[in-house]
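Okay, so subunit A shows up in both of these, paired with subunit B first and subunit C after.
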Partner chain A sequence: MTEHNNNEVGRRQFLGRVTKAGVSIAAAGIIAAKLYDVQGPKPGVKAEDLVTLPDFSIPQENGRTISIVTGPDRTQTVGMAIELLGGIGRFVKEGQTVAIKPNVAFASPSKFGATANPDLVAELVRLCYGAGAKRVIVTDNPINDPASCFTLSGIGKAASQAGAKVILPRDHLFRHTTLTNGRLIRNWPIYFEPFEKVDRLIGVGPVKHHERSGASMTMKNWYGLLGGRRNVFHQDINTIIAELAMMVKPTLVILDGTEVMMTNGPTGGSLSDLKRKNTLIASTDMVAADSCGAGLLDLKVSDLAYLAKAAKAEAGTTDYESLKPKRAAVG
Partner chain B sequence: MPSVPGRNRRLESVVSVLLLAVLLLIAVGVLIKQADSDMTRFGLDANSALYSEKTQTGLQEPPDLAALLPKGFKEFSPPETYEAANLYEKINGKAPLYLDAGFLNLFTQRFASQDDESLWMELYLFDMAALRNAFSVYSVQKRADVETLPDMQFAYKTTNALFLVHGRYYIELLGSDESPDLLAAMTDVADNVTSRLKVTKTAQIPELNLFPQENIIPGSIKLSLKDTFGFEDLTDTFSCHYKLNDQSITAFISRRPDARNAQLIAKSYSDFLIENGATNKTAGNEVLKNIGARVLDFYDTTEIIFTVGPFVGGIHEAEDQKAAEEQAVKLIDKLTESAKTQK
Partner chain C sequence: MRIVTTRRISQAFFFALFLWFCIVSTVGEKIWQLRGWPVDLFLWLDPLAAIGTVLTTHTLYRPLVWAVGVIVLTIVFGRFFCGWLCPFGTLHHFVGYLANRKKTAVQRIRLNKYRKAQCIKYLILIVLLFMAAFPSLAATLQTGLLDPICLVSRSFNLLLLPILDRSVNFISVSARFYEGAWLIMSVFLTAVLLNLVIPRFYCRFVCPLGALLGIISRFSIWRIGQKEGECTDCKLCEKSCEGACEPAGKIRISECVLCFNCLDDCKHELIGYQTIPSRTGEITDPDVSRRGFVLSLTSGVLAVPAIRLSNKIGANWHHRVIRPPGSLPEPEFLKRCIKCGQCMRVCPTNVIQPGGFEGGMENLWTPVLNNRIGSSGCQLNCTACGQVCPTFAIRPITLAEKLGQDQFAQAGPIRIGTAFFDRNRCLPWAMDKPCIVCEENCPVSPKAIYTEEIFTTIRDGRLTVKEAAPDVIHVEQNLVPGKFATGDYYCVLDADNRIKIAANTENSIEFSPDQKLQKTPPAGGKIEIQVRLQRPYVDIEKCIGCGVCEHECPVSGKKAVRVSAEGETRSADRRLLLEPG
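So, the complex of A and B:
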């Protein structure tokens, strides 16, 4: 054969190649069809649309960072605890708007200790108005159905009767945020709008055992600000609690250890899970507050890994005694 | 076909095969990594049942909760059903405890007194796929100093709540208040559960009968399905407490697939303790010496680990070595006797 003839493709060879090409194209098409995501990736929130929670903290004052008050009556202990830190006037000014974020995670009576105490929340509302607050809102993004949570816990009624505006979470109140230096909170929806235009933020929650993190106190309370499928964070719960402490800079936190859920948290359910400790902690440093609260659960600071993580991230100190807590007993 | 000058067909083939091999390795790596991810931790996979009396996944047919209503009570909320994917919406941080134990579904509903709506209870009916799984979540959450219920194998009540196991179901009844009427109604619901909710009657937990009964603290047996005493390979482990004079002693057993595996686990658990600060001690008891039991000092407490056939057994964190050894020997005798009976 000549070289020219060698370059020619015969009919049989041509049909073979066409068949192979056809099979390859069909296979690629079938695989592509199988892998095709009809909905496509969800559009990511653009960087310019991400929000940052305002900083609600106030300047620190030596010797007035944390107070520990013992007594059975929460309305008395919280008043004294705030007084020891300089009085409510240090935290709330005339004409300001205040957001109170209680732990209202579950649709259960507050006596189970799984939620904040309604009398305590109501007293905080009254204290804020007493200091001249223009408006006080009470809100949370509970685990269970929000309306049921606010109703069955008694917090909705108590807060309303004290004059607060109770806000239930709605989809349009969430915005995406990314925590600077955060590993988990990245482009994640948070409960934002109720807090966007307030001047002060007060967190209030009970001391309770938590199956995953060991304890749920003031830092874990901010879990209620997370939206989306936030349960994925349980995989790395110590990191998410530490990141919440980095993300939220409250004016004041109130840790209620009057009755402590010692076991079977965070839901509890039996009154036998509770132990009366008659202790209430107020602090502008929530790492310090939770470190002090660990003792109420018969735990050491080192037993709660998120405390060290938060301290390392400079969200506060675990050495709460170094802050020279103000102490008192009432009732 | 003409040969192109400078072209090495053999080299091209070798390079092509190598590239394809690399791509194949990458694909295999991705598949292995994906298969290794534990999505149950996120509540995204209902196929995590550790024990299943029959193959069940996803949403089961909801039981008729209204049929469990006690006399004088009414439905106070609509029934709700949760799967592994959304269990956290009901119990949040406690969800992994159930998901790790083979959870299938949770059915809940509130019942309120017809006379006083402030007296209500919430029924939590956890379908745990198997009696063992249900017993595990029941036992690890069991409250101390409670009143056990007669005529029920695993049931107790507190001042405002009642907890029980019925076949593959773990049930919680949580009352809104401390009320004798409410507790009586809860007992009625428990009776309705046991009489109306069909379960596999033949299901048993044989290990419960393997602990010596002398000095045992009633109701103290727990089943830990994983990470027992902080050691991840010590799975499916029953433990119970004994009261000897003023001391409390914890004994444990774990049935392994065979004797060889039991010996491996016993050794690796012993190694784990030594890595974490334990030191070897000499057994004082001849029985323990004869079967090669490991006796360790762990921060001034005594740990004993032994095997009897397919069982790993032992004593955990006992204050007194002599008492621990005596209890260990009793457990060995019981396991040996059980093995003979089975033969």
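So, the complex of A and C:
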């Protein structure tokens, strides 16, 4: 064979090449057709990708909505407060999974009261397991560095020692939501995944002074569920707190007024910011709990505009006395 | 066991140890977190860091005494550090092996021959050391730019780890960011990829630590060399020679990294590790010409005043060069910082960043706080950066000292800067919108950010009354429904009557039952809508410059409150307050 002949294409070879070329052209065409986008992308998250936080609330029972217990020891007062509402068995059933959302906003030692008290969180975990809970998780999306917040506040250690799983807010745990009738929470990322598959949700936080909103209590505690650049909501703090109260329907909230941060809130940072009031409130109505808590900060209900807004949105009542709170003193 | 196997085990062990220390430089209590792991070990062992800081400060800072051990061992054994211990050397060794393993013996012998340019590393060393030894206050420590231990620490901790952890977020809850990492990456990739051209390129031509150890190894007691016997001159001993030190001829002791490949490759067992000089002779001195020496010495001496011409540590200092808490005054700081990046790695909030050229050339890769990056400015209850600093550039302060408590109460807290409001950008100042996120998050007690309440009439806020009742006023103008229902808006009837608005419709303003109007304005009367604002101020006597306010400021492009380094405790000439504390 000559060199020239080597370069000639045989029929078989030619057909082979034509087939390959044909398949490649077809593939390019099919892929282009599949990906063809006539409009370009729309801004924001698609409606079908939006999520809604489940409703964790339990049926109301007359006279067992709110309890106010006084005493210096949180582990005792919280036990009594829950007992007065019907016992932990009313809130957590055998085999259920429970999420506890403490206020872990700041990387601050627990003694300064800027975060939920670790002993209190641990006691709640123990109570849940005592009621037969299958799994208890403790989580928050803090303002300061999350890992540092859980470590320095002591909540991470206390919760895990009590048997809870501590979950830190990683990016993939957030989803976008839109609150029905909400004005601010629209197409906004919330800390969602840890709460998606639990049966019960318990919020727990301290009573703290807050220059912008007046007070940070159980409703403001749900700010920790907001993701994204949530600080922009401070322009309309009362509306966002009210909308949080509409968005989150917890099983139970615990408002810890054992040591109340009277000044320099919500960060505190000094023991002189705290005042011992030895009061702990448990409630299935967080508007009532916060309305009651306002008194611990020497505030009236009307001083906290978000309370009236939340009440108007039927998230609860500001007239907590109408609920006939159960009262007791321990220790 | 063959000695090269032992060497490989040693390299693998120390490389693994290095990786482990990279991982565990995470603040926390778990076994894979910081606890008490000696994460600075390789930096302590680094003789270049030790000699560099000795030249600048005339003292040997405590942990760097480890490096004396390395120097002693080098005097006994030669450059074992390069061939057996150095994680960067191991990386080059491995990459060089991968790149050249398919080459023929002849090609490899050619690759591993000695090159005149290997003297460049000595010249680099001379420049860096003379910069450090510069007499007077102006000495500067720039060894860290090319020090292999600093380079590899920086590259692994600030580059590879964040990239690898990004998808799993195992080490850090949220992704870590390092500004200007591209430059660190460029240097690292260049150094590693040059192994494709010549194996151990960095070690042979660039590494100032290798050069230093090369100079020291001239005194070594044991050396590689040929024993008495019949050498066939096959040159196989140079086939895998890592240091390109020519064991077949006159071996260059200063280039030998003690890889022991020659010992293994010689079929006639003529190479030994011995106390007597090689049969074929040896060259102990680095191949530096007098001209090269003088030139690099002069460069080193002139470099410092040249760099300092920009006056970046004098009056022209850059306000964004905010150093971590506990940092020494700038001239002392620059005498000690080796740019290893350990503080940037360990910082739990990721706020400590590798510096760029904003503070002059010396600022490159030194720690600078950038409150826009990370999870929350400089965390109040944290002193991690000073604890890992291997050279005392950042002092290992206690929390009490940082916060100005106990015996430090008199001195007050350590300030790293001062926050300043940009009233042209701040929502309550410039746009009549309530906000004060900065005040909320100020961690100091009492807060360094305080507010003053003012009421100001909003744009289009002068309205005409159509009709009024105690709980509602109808107005002539059109309003945006609900706009004034936020709890921040008030209706002003006259100087004595300012009533909070509960809600509004398109043309009416409503009041809540407990805040009704005492007297109703007449039809045709004028009312004003005012917004209640809390305008933030900084109390410079309280501000510590932590930057949490800047981090949290919702004006996210150019922040409306920004920290600059004025007022930092460490330098008297940048102080703002007349009285300390």
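Things worth noting here:
Everything below uses one rule, namely that the second predicted complex is superposed on the first by the 288 of 331 C-alpha atoms of A that agree within 3 Å, B and C clash if a C-alpha of one lies under 4 Å from a C-alpha of the other, contacts with A are read in each partner's own complex, and residues count from 1 in each chain.
Here, contacts are C-beta pairs under 8 Å (C-beta built on N, C-alpha and C of every residue); 3 or more make two chains touch, one makes a residue touch a chain.
What you see is a predicted model; the values in this text were computed from it and never measured.
Partners subunit B and subunit C clash in the overlay (superposition on subunit A).
Of the two partner chains placed by the overlay, neither subunit B nor subunit C lies in contact with A:Ala328. Applying the stated contact rule after C-alpha superposition, one finds that A:His234 touches each of subunit B and subunit C. Shared-chain residue A:Ala313: touches no atom of subunit B or subunit C. Greater residue coverage of subunit A by touch, when subunit B is weighed against subunit C, goes to C.
Once chain A of one complex is fitted onto chain A of the other, the partner contacts of A:Leu184 are absent, as it touches neither subunit B nor subunit C. Of the two partner chains placed by the overlay, subunit B and subunit C both lie in contact with A:His210. When the shared chain is aligned, subunit B and subunit C each come close enough to touch A:Pro266. Superposed model on chain A: among 2-10, 236-244, 272-280 or 290-298, the stretch of subunit B in collision with subunit C is 272-280, the rest showing no clash. In the three-chain superposition model, subunit A touches both subunit B and subunit C at residues 106, 108-109, 112, 143-144, 148, 210-212, 229, 231-232, 234-235, 237, 263-264, 266-267, 269-270, 272-273. Within the complex, the subunit C residues that touch subunit A are 27-29, 169, 172-175, 348-349, 374-376, 379-382, 427, 433-437, 439-447, 451, 482, 485-488, 500, 502, 512, 514-515, 534, 548, 552-554, 556.
Against subunit B, the residues of subunit A that register as touching in their complex are 3, 6-7, 105-106, 108-109, 111-112, 143-144, 148, 210-213, 216, 229, 231-232, 234-235, 237, 263-267, 269-273. Remark: subunit A residues 106-109, 112, 143-148, 151-152, 157, 168-171, 183, 210-212, 229, 231-232, 234-239, 263-264, 266-270, 272-273, 302, 305-306, 308-309 touch subunit C in the complex.
Against subunit A, the residues of subunit B that register as touching in their complex are 1-2, 41-43, 77, 88-97, 122, 141, 143-146, 158-161, 163, 172, 174, 176-178.
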